[in-house]
Structures are given as structure tokens and as C-alpha cells.
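Shared between the two complexes below is chain A, which has chain B as its partner in the first and chain C in the second.
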Partner chain A sequence: MSAGASLPVARIEAAPPRRPGARIALLLALVALALVPVLASGIGAPFLIVTATRILIFAIAALSLDLVLGYGAMVSFGHAAYVGLGAYAVAILSAHGIHDLLVQSAAALVVCALFALVTGAISLRTRGVYFIMITLAFGQMAFFFMVSLSAYGGDDGVSLDHRSRVLGARLIEGDVALFYLALGVLAVVFVALRLLVASRFGRVLRGIRENAVRMEAIGFPAFPYQLTAYVVAGAIAGLAGVLLANQAEFVSPAYMSWQRSGELIVMVVLGGMGTLVGAVAGAAALIAVEEGLAHFSEHWRLGLGLMLVLLVLLARGGIAGLTARLRGGRAA
Partner chain B sequence: MTPLLSVRHLRKSYGALAVTDDVSLDVAPGELHAIIGPNGAGKTTLIHQLSGAARSDGGEIRLAGENITRLGMVARVRRGLARSFQITSLLDGFSVLDNVALAVQARSGSSFRFLRPVAGDRRLNGEAMAALDRVGLADRAGRRAGSLSHGEKRQLELAVALATGARLLLLDEPLAGTGPEESARLVGLLRDLKATHTLVLIEHDMAAVFALADRMSVLVYGRVIASGPPDAVRADPAVRAAYLGEEAA
Partner chain C sequence: MLNLFLLQALNGLQLGILLFLVAAGLTLIFGVMDLINLAHGALYMVGAYLAATFTALTDSFLLGLALALPATLAVGLVLELLVFRHLYGRDHLEQVLATFGLILILNEGVRIVWGSAPMSVPVPDFLSGSIPVVGTLMYPAYRLAIIAAGLVTALGLHLLVNHTRLGMLLRAGASNGPMVSALGVDIRRLFLAVFGLGAMLAGFAGAMVAPILSVDPGMGDSVLILTFVVIVIGGVGSVRGAFVAALLVGLADTLGRSFGPILLRSLMEPAAASQTGRTLAPMLIYILMAAVLFFRPAGLFPARGSR
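Our next item is the complex of A and B:
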């Protein structure tokens, strides 16, 4: 069973590139990102650290969605639910006096993986538009569940007294420390997904994206592989939620609304589906544009819409495809 | 000798239309059994039923004695029955080598391995290269499958079927859409496959069928009207009337 309709995935190549320069470029990007807090303080704009942290957190969420959407050909329209569940793992455990980041993260991983396992197993019995609708429905169920949970703020959400502790220490109370934590998680997730996509499992997943019938004819049923990818992605999105709760020191059902799920899809499409670098670039672009355009006009979404239309029409591989074409090479 | 594939009273209807109507046939190990018939005779439906892509409404399919009627496509491939497609169905964005290596991967070890890169796996690639070599595509291994010529894609289909490790290959019109030169190459290739595999061949190219088949069955309106060695089938009056017609007279 293939859940996806045929997607305009960046079909430029099936396997991630093994260019020798790619690893160096990624390392340089990591170093550049690590310098952001220093530069932001240097130019007297520490608020940029907060923006950058949000970019990193949403990049993690977008990466996980890219595994489902870009590599697994499953158009999940409920991915924000996992971010929200991860955030609520922090809020609810904190409310009961459990402030440890590791415990909260473990809880988020387990809850999100289970939610993905159950809803994914049901959703993957459908295809195409129905898959989109059913993942949307499950996302909305999670949303309304949290809205009705008045013990934890209900519709209004709940503020955290303080950020999570690491073995009792206030390690991430400062914005700079949280930035580096988010960067570290992003780097680990990025590398792990890069390996996964190129592994035996990843090749089967990409094969199912290309031609599910062919894969079945050589002995690979789509269901277990797509479901596994769905569960892995849900768990990773939960981690993003843990970080988001700590960044905002506030959690509300709005984190898991369908608009948020839509934004995650926009990030992945904007950056270039099926390219990990693209998911990160898409998250950065969307949040930067949001905050940038919001300065100019409250109608910033109009500008964003125009940019999206142009990008989809002119550069179907997203940002990753566009830069690749400008370099005259292939998408990274 | 017990047949490798044994089909008894197989049925399939779409509404009131019986597409497969009480089909029985045996395929002995090592033989090439051709299934011919005019357009709309139900040949492709029969292949779908044999490969597990379509459910049968009645009857029984046995592979080496085991009843596989209720098994899905994946389970049948694991038991040694693989198919090729009438309309080329490849992973166009993958390299030629990776198309075949995936078929090898499907039968060697778990694919729930997440960290080690698979592209450089020597054992998978080695077996894939052997299959490519056999169909004459070894020099195309690094190309994108989508960039191959039509004839080369047909060769790649055969390499993928070979790489599944199946004993019995169901080939759905392997010569479809090929020119005379490509077709001659593929016929040579099928003759070579006969030496190692049991083949069920659906084909429209009568010259090729009569050159290759050990036995054949003629399907008309979902029924087998004749079955036997090519010469006997060619001489069968019912076949001449129903199918070969003037052309073969």
C-alpha cells in the first residue's frame, strides 16, 4: 500500500550525494551556525539568537516531516501534532514536578512514537487525498484533546515556571545555551537522517516512493517501511516540541493546529522535498520571511504567498533545487 | 515429474464477465510455457492472478506442490515466483545497478537496517552485476534507469526478475514495443534464461513464441482452448479457427 499520490519530489537523483565536498560544506555550515550567538551579541541584536533558535527547532520538525513527505511519499497534514505532544510532555511533567530534560524527552519520544504507530497504521490503509485527510483528522483530534484538557490550561495553554533542568542543573536557562542545545539536536538528527536515507532501509523507502508496485513485485511491501518512517519522524518531531516548549516557556494547543502542520509542509516544499538540506533551508526561509515581512506589514502572509507561488512555478525542486541549478550541478 | 506450477479451475470475473474461466494448466520444471491468445483473452489478468497482484474468485494455484492461492505478491516472490511487467515498471530515478541490487536486497537479510550506507554493499552489487551481465547491461550499470532505451529497459526488467532469485519467472510481453533488432536480442536472452529458469511467457510475437516455447496454451475469452507442444497447437483446428486464422494457414 502506498499512501502517496505521485509527488513532485526533487527527482533529480534518488540517493543522497556522496560528493567529497558535501561533508566539508556541512561542517562549515555547522561552524557558521555555531557563531550566530557571538555575531548577534556583537552587532547588539541578541534577539536574533531567539529567532535563530526557533529556526533550528522548526528545522528539526521540518527534517522529520521531510522523511515522511519527501522520502516516504506520505503527505502528512498532521505533523504539528507531534511537535505539540512533545511540548506537552514538558508542560505536563513540569506541572507534576518532573523538570528533568532527559525524562521529558524520553516521555516525548515514547508518546509521539506510540501516537505515530497507532495513527500511522490506520492512516496507511488509505492513499492520496484520503491519507492527507485522515492525518489531518488525527492531528485535529490531538488538538481538541489538548483544548479540552483544562487541567493544563485548555485553550489558553500553560506557562512554564522555568526551563527544563539537566540532572538538576539550570543548564539551558539562558538563551545562548538553549541555542546550542537546539543546534546540537539538529546536527545529530541531520546526520542520523542522512545515514538512514542512504541505508538499506532508506533505499527501500525511496524505492517505494518511486514505484510501490515494482517494489512489491520484488518482495518489498510498502506498509512496514512507510509505517517505520512515520514513527521515526513522529518521534523526532516530538523532540522539536520539547525544545519549542523550553524556548517559549509556554505551551498551548495552537502548536498542534492544522495551520502549523501546513507551515511545516510549506517549509519542506519551499526548501525542496526529499533533500535534507532543503528542509533546514525551508525552515530558515519561512521563519526569516515571517519575522522579516511582519516588520513591514501585518499582511505579510500575502507576500509569503506570492513567493511560494513563484518558487513552485519556477523552481520545483525548492531552494535546494534552485541553488543546485544555479551551480549547474545536482540537488544536494 | 511434479509440475513446478500447477493451476486448477482458476476463475476470475469482473461483474458478469468471466475474464478467467476455469483455467487449468501445468508448467514442468525447466520448461518455457507460452500463453498466447487474441487481445482481451485475459492473458494479463491470468498473470496478475498467478503473481498475486489480483485475487482469484475460485480454483487453486500450486507452486512446487504448495497451495499459494491465498498468498500475496510479496509472499509469492519469497517462494520463488517473480514477474515482469508488460508496461515497463522500473525505478526510473535509480541507477540501473540499484534497480537490480534492490531485488537482491529483498532476499538477503533484513532491510530494517538504518545506519550503514547500502550503495557500496559489495555483495548486493556483485550479485546485481552478475544479473546485469547476463542480460547484457553490465556497461550501463551506472546510468539512470529512466535514461535507458526502450529495449534496454526491457532487458533491465529481466535482470530485476532474475535478481529476485525466483525459480519461476512470469514474463508479461517482454518483447512489447521493441524493434526487430532489440527483439532479436531479447529472444536470444530468453533462450539463455530457459537453461536455468522455468518461464511462463505471454507474448504477441508469434515467431518468437514458436521459436522459444516448449509447450503453449491458447487462451480465448478466458478459456484454455488448447494446450500442448507448439506443433500440436499449431495444427489444432479450434486454434486455427479462433486465433491463428488465415495468417497462419
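Our next item is the complex of A and C:
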């Protein structure tokens, strides 16, 4: 028992991998991503820019969920609600003549943080299965709230007249400009989260993930740390929602359906929980699989479902174990 | 006004009974196997589709129902052997992922076999029409039959859980699974029995609503979420809790939708009241759930003594 229990502690003290090449690899990845629009127009497939933008936006949402799920060990099944709330911040403010992206983003951040603070404070009173289901219920609550808001489209959703303005200028009217905005936001969120999880706060959060009782005993109550992570994640997901609304120029309650929350979880777990790069890769993989399978058959969900079931059943020790083995580490 | 109230109360009762049928199996699966099964609503959907198909083939709703039940049981057992059996004891997150995948498979499979268009099942002749209940109040005979069938099933479950050997094992498994296994009970067979029972109950609920709801590929999803609310309010693993919570949720949802705006009208002006009422009514049961969990984080009737 004592030997088994000492393993996680050792893992916490080892700071996130700081291989010398890691920073350079990330920079190279950023440059490669930045070249996507150029390449896409180069091969005469500008629609790829739209797909790539969606990948970036969902990567932001998946990153925020990873903070809750991967680092905080809180299985939130209502994360899509925050994406939806962010998107509705754009739609509702636009309907009242406020088109400025900064104002909309600020509103999205505030609304999502507040919603996360209230629902998180209630949800965190529960554990395990109860936590999964209460976050699901709060997500559904937000969903039905938007469905019943007939002034803003209700069930059918609402189209935006045009994308948001930046200080009155039509900066992101084009798809390429929006792509670079999404890339910029993703880069900032990625770096910020990387600093956050490497900080004292992040180490405490991971300590609580491994053994909440012990952390409590040495003076770190779980509740404030987990709630803070939950609120930060909610606010970031709201930012993804702002971008999503601008990308689609359309907002509907479907953005916050529980299936969306499920897909976000799939993204995080596919890429490997508790690794920020993994969340981004998972988002890219899922969107690519969705659009790729949809290309072959209208019944693409069947393929995705089979993939998920087989992945869980065949990967011994679960997906976490599989990714750990692939990374050359030991199974969690 | 009183008639309207009684009518809506009966509707709420009927919804509650249906939710109980789905929730009873799911709460046992949660409680005994510690398995979070998102695909339970899909079994409800499969039951409805099978009932619709067999009813159309045999021209008799009762025969269709009688054939649909063992067929749903078979689907449930096959899924247990192929998938669920390998999920017991795994991380909750992995269970969520695998059963989420199963929902996608079953929903899409149904769409491939039966198409996306909703199917309808005629109400059986001997239960068509309405019968007087109290005074001038008329209520559809078929809906009364659903309530009656549900209450009989609930009674049967009560007897099964509290007065049989299997029931004893179920209760023991829900409060301390490893101990039951250590005492020499074949836990695999117990799990298989629980899963089959749950699948059949969900299929029964699906078959019973087929004549009054449209049978479509998304029908399991909406029920699933309501069922979760029921289980969480009632306490995971408790059949009694599921019964109380199902009626509570059924009544709160139905009465909230019809009387919420009326009640609010006495507090604010009519236009605002009806808008607020329409907005609040669908959220009511989630608010109820949040309130219950706030005061009793393990639900009204927690089954697990150790927590």
C-alpha cells in the first residue's frame, strides 16, 4: 500500500516534462498551423480553412475542459453549456446593437465565470457519479433556458447579421482573419494554462487529483482549488463560444446539448488527459474524424461509436494506460 | 379548474410511472455494479421500436408487447456480454466514453434499420377512448392502463427486491458489492440478472409509450437525462428512492408547465408571467435536483451505508 501510494507523489514532484526541445517543437507547431490558410488556398481547397478554424475553436474548449477533467479529476458532463453561453453572449448583445468583439468577450467571460461559480459550488458538494450527473443536469438547465428564450430564436437558434467588429472595424469578416484570431486565442490560452498547471496552484490541483484526503491533511482543502479551476475553465470555454458564434454566424441551443459535452470529453480523453497538447490533438482528431467519416456516409456516427467502444474495451488499463504506454511512461 | 388540476396530476403521474420503469433498472445497475450506463435510454428506444415492429407484424398490440419484451431482454443480454461486462470496475470516465459510443451506435443502427422518420403505433382497440374518472373528468383509457401496468410492475419489483433471495442479493450488492462477492455469490450471474432485468424494464416502458408518443431515434436521449435526475434525487441504488423521485419529477414537470404561469400571474403582470413561466418550467426539475443535492448530497434515500 505504501509503495503504491508513493508513486503519485513522485509524479507530482516531477514538473511537467521540460524536455529541451519541447518549447521549440511547440513553436514549430504554431508556425505550421499559421501556414494552414496559405497551403489551403495553395491547393485550391479554401474550405479547409473553415474546418481548421473549427478545430482551433474546439481545441480551446477542450483545453479548458482538460483543466477540470485531466488536472482536477472532475468529470464535468456539462461543459458545452459554457461554449453555448459564450455564443449566446455574442448573439444577444448583437441583437441589441452591441457588435464589439471585446465587449462581447468580456460579457461572455463574466457570464460563464458566474454560472460556473454558482453551479460549481453546488456540484462540488457531490462526488463521483453524482458529480457527473449534476453537471449534466446544470448543462441541460442552461440548454432548456435557451430553448425557451423565444426572443432569441428559441429552439431554432438565431442567425447573426455579420461577425463581430473590433473597435468598429470589420477585422474578422474574412475566414482567414478569423482563423488567425482563433489561432492567437488558442496560443494565449495554451501558454496561460501551461503556466497555470506548472504553478503552485496547478501542483495543488494535481495533488488533490491523486489524493484529496492527504492534501486536506497537509492544509490544502480541495474545494477552493477545484472551484477556482472550474470557474477558470468555464470562462475559457465561453471564449471558445464567442469564436464559434462568429465562425458559424449562427447560434442555437444545439451548441450546448449534452452530446456536445460528451464530444468535448471524448476530445480530452482521446488526446490523453492531463496533457495540454493532448487536448488540442484530441480536438483535431475528433473534428477530422467527424468530417472525414461524414464524407463517406451519413451514418458516420456509427463509426465514431464503434471507435469509442473498441478504444475503451481493447486498450488495457483504459485510454490513459494506452497513451501512457505510447509515451513510454507507466500506466496510470 | 379542479378538473384541469386532476387531469394534469394524472398526466404527471403517468410520466412519473414511465420514468420509474426506466430508472428502476438504471439505479440498480448504478448501485450494484457501480456502472454509469448512458446507453440505458437507448434500450428504452429499442423496446419502443421492437414493439412497433411486432405490433405491425402481428396486428395485435398485446402480442407485439409480448414479443418485444424478450427481444429487448435479448438485446440487453448481448450488450452485457459484449460490452458492459468489460466495464465493471473500470473508471467512471471510461464507462461514460464506452456507453456514449454505444448510444451513437444504437441511435444510428436504429436509423439504418427503421429510417429517420418517426413511427406510430395505433392505440389498441379495447383501450381506445376515454373513461370517466371523477365527476365530469374524462381520461384516456390507454394512459390509465399505463399507470396501472406501472403500479403493478412497481409492486412486483418491491416484492422482488424485499422478499426474494435475488432481491436480498441486490440490496446487499448495492450497499457493499465486494463483500457479497467475498461471501461466495457468483457476482457475474447476479450482474447479468440485474442488467437483463433493467433492460427489460426499460424496454417495457418504451413499448408502453409507443402508442402515445412518436417513436424516433432520439427518444432515448431525452428520457435518459430525466432518468438521471430521478436517480440522483432518489439516491443511487435505491428502488424505493427511484419510485418517490420519479413521481416527484413527473408531477413537478407536468404541473410546473401548466400551473407555473398561472401561479406567477398573481405575482406579476400577465405577459411577463407567461414568459417567465415558459422559461422556468423546463428548468424546474433541474432546480429541484440541485436543491435536493445541496441539502442531501447522496439523494433522498441513499442506498450505500458507508457513504
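To be clear about the criterion, the second predicted complex is superposed on the first by the 293 of 332 C-alpha atoms of A that agree within 3 Å, B and C clash if a C-alpha of one lies under 4 Å from a C-alpha of the other, contacts with A are read in each partner's own complex, and residues count from 1 in each chain.
Note that in this section contacts are C-beta pairs under 8 Å (C-beta built on N, C-alpha and C of every residue); 3 or more make two chains touch, one makes a residue touch a chain.
Not measured: the values here are computed from a predicted model.
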Combined model on chain A: chain C and chain B, fit or clash: fit
Arrangement angle, chain B at one end, chain C at the other, chain A at the vertex (C-alpha, nearest 10°): 80
Chain B versus chain C as contact partner of A:Phe179, first or second or both or neither: neither
Partner chain(s) touched by A:Leu302 [first = chain B, second = chain C, both, neither]: second
Contacts of A:Gly202 with chain B and chain C, given as first, second, both or neither: first
Which partner reaches more residues of chain A (counting touched residues only), chain B or chain C: C
First, second, both or neither for A:Tyr71, with chain B first and chain C second: neither
First (chain B), second (chain C), both or neither touched by A:Tyr230: neither
Which superposed partner A:Asn211 touches (first chain B, second chain C, both, neither): first
Smallest separation in angstrom, by C-alpha atoms, between chain B and chain C in the superposition: 11
Residues on chain A lying within both footprints (that of chain B and that of chain C): none
Residues of chain A defined as touching chain B within the complex: 11, 13-15, 18, 195-196, 198-204, 206-207, 210-211, 213-221, 225, 228
Residue ranges of chain C touching chain A (in the complex, touch as defined): 30, 34, 36, 38, 83, 86-87, 90-94, 96-98, 100-109, 111-112, 221, 225, 228-229, 231-232, 236, 278-279, 281-283, 286-287, 289-290, 293-294, 297-299
Residues of chain A touching chain C in the complex: 69, 75, 77, 119, 122, 125-130, 132-134, 136-138, 140-141, 144-145, 147-150, 258-259, 262, 265-266, 269, 273, 299, 301-302, 304-309, 311-313, 318-320
Residue ranges of chain B touching chain A (in the complex, touch as defined): 51, 53, 72-74, 77-78, 82-83, 85, 89-95, 98, 102-103, 105-107, 109-119, 121, 160, 163-164
